[in-house]
Amino acid sequence: MSEALRVLQQRLAAFAAARDWDQFHSPKNLAMALSVEVAEIVEELQWLTEGESQALDAERRERVRLELADVFIYLLRLADRLDVDLLRAADDKIAQNERKYPVERVRGDARKYTEY
Amino acid sequence: MSEALRVLQQRLAAFAAARDWDQFHSPKNLAMALSVEVAEIVEELQWLTEGESQALDAERRERVRLELADVFIYLLRLADRLDVDLLRAADDKIAQNERKYPVERVRGDARKYTEY
Amino acid sequence: MSEALRVLQQRLAAFAAARDWDQFHSPKNLAMALSVEVAEIVEELQWLTEGESQALDAERRERVRLELADVFIYLLRLADRLDVDLLRAADDKIAQNERKYPVERVRGDARKYTEY
Amino acid sequence: MSEALRVLQQRLAAFAAARDWDQFHSPKNLAMALSVEVAEIVEELQWLTEGESQALDAERRERVRLELADVFIYLLRLADRLDVDLLRAADDKIAQNERKYPVERVRGDARKYTEY
């Protein structure tokens, strides 16, 4: 885990502990909270075209920026409670994806691996 | 942004570019993909008690670990497409939360800020 | 509640009772399951353009049809556990929406009520 | 499709048409909206225990009731756009589930079919 992420996870753990919120932070509940935060991003983009979603006005962009932060915060918290190293997990997953989606086979095609 | 996250975002950008997948990676589509990956975590935990979700067996824990990686990957990718610095956004959001949820006021109480 | 929906809810209740699954069907867990089923629809549509999502091929359309059924099933089950009459609730909500989004004010504009 | 559901779908179609909102109601966008409405239910229940989620206070219950209505409304709308008969789809899905989860095999066990 990078130093920056570890420090952030410790801040979040201290934030929860100071408020006696660990009792609410079961992985089950944190997964629910994570899904709610993602939905707040989806809500900002749902009626936009794909092109519009790439060119947000300043106000919406700032809202989305802070909702991305919320997702990041709950993801770090959930990973912490499950003792998962997110950077190592991402490395492992990217290695898997490189085997599952070889460049020459999937170029320009977003179908799922299982559809091949 | 930490060096580790920047490097990871560059790997993900290269992965998508090599497969000509940038055309699919609008923020709108990436937000949908992010919500789907979070749902895969929720699916693992939905019938467990909170206590069971804190004590996963090895097989389920490994599946959840890789699903956390998927969420992290799409979150980094979406932040990259929107040019958002996740660490800075998390700092800003934690500062907001410290003002909204002062320790002395919310200790042991998970009600939303808006309910106070 | 319409007769057809009541009969369907009774079938679903009997299905769960016969399998001793009521113990898993708390509203909290059913809400999680509902979100997972919706994500399966989102997964089918996430990389499609809006136009493509309106013109699904037969195979994908059949998968989406059965995923819509899953959402309907969990929605009916959750409403049953909370003793909510879905048809009456929809009537009440549509009446609210008619007041919140008067035709002359919102024509062709999908911004949320709160943005006006 | 039951008469009650057909009537409700026609009211929703008229509501959208009067506001010139059909342009926003692609299946892709409606699936996003459906996921956002489900997240509003999840948000109400995320910090509650399973027992508490079965015994909501009157205020929260009323909020959840109207959020169930929102899910129902978007589900009907999406089914309408895809020309799916929800009652028939539910019948087909329940028949599938009866084959996949025979009573004698799954009694009291919520593991997924694929785990057997």
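Odds and ends about this structure:
Order of writing sets the labels: A, B, C and D. Residues in every chain begin at 1.
In this section, a residue touches a chain if its C-beta (ideal position, glycine included) is under 8 Å from a C-beta of that chain, and two chains touch if they have at least 3 such contacts.
Just so it is clear, the model here is predicted, and its values are computed rather than measured.
Over half of the residue-numbered contact pairs of C-D are shared by just one pair in A-D, A-B or B-C, which is A-B. For the copy pair chain B and chain C, the superposing rotation over Cα atoms measures out at 180 degrees to the nearest 5. Remark: among chain pairs B-D and A-B, A-B carries the greater number of C-beta contacts. Put simply, the C-alpha centre of chain B and that of chain D have 25 angstrom between them.
Between chain A and chain B, the centres computed from C-alpha atoms are 2 Å apart. Among all residues of chain C, those that touch two or more other chains are 24, 29, 31-32, 35, 38-39, 42, 45-47, 49-50, 110. Chain-to-chain contact here is organised exhaustively, every possible pair of chains being in touch.
Taken in their complex, chain B has these residues touching chain C: 24, 29, 32-33, 35-36, 38-40, 42-43, 45-47. Of all residues in chain A, only 2-5, 8, 11-12, 15, 18-21, 23-24, 26-29, 31-32, 34-35, 38-39, 41-42, 45-46, 48-51, 53-54, 56, 61, 64-66, 68-73, 75-76, 78-79, 81-82, 84, 86-87, 89-90, 92-94, 96-98, 101, 103, 106-108, 110 touch chain B in the complex they form. The touching residues of chain C, counted against chain A in their complex, run 31-32, 35, 47, 49-50, 110-111.
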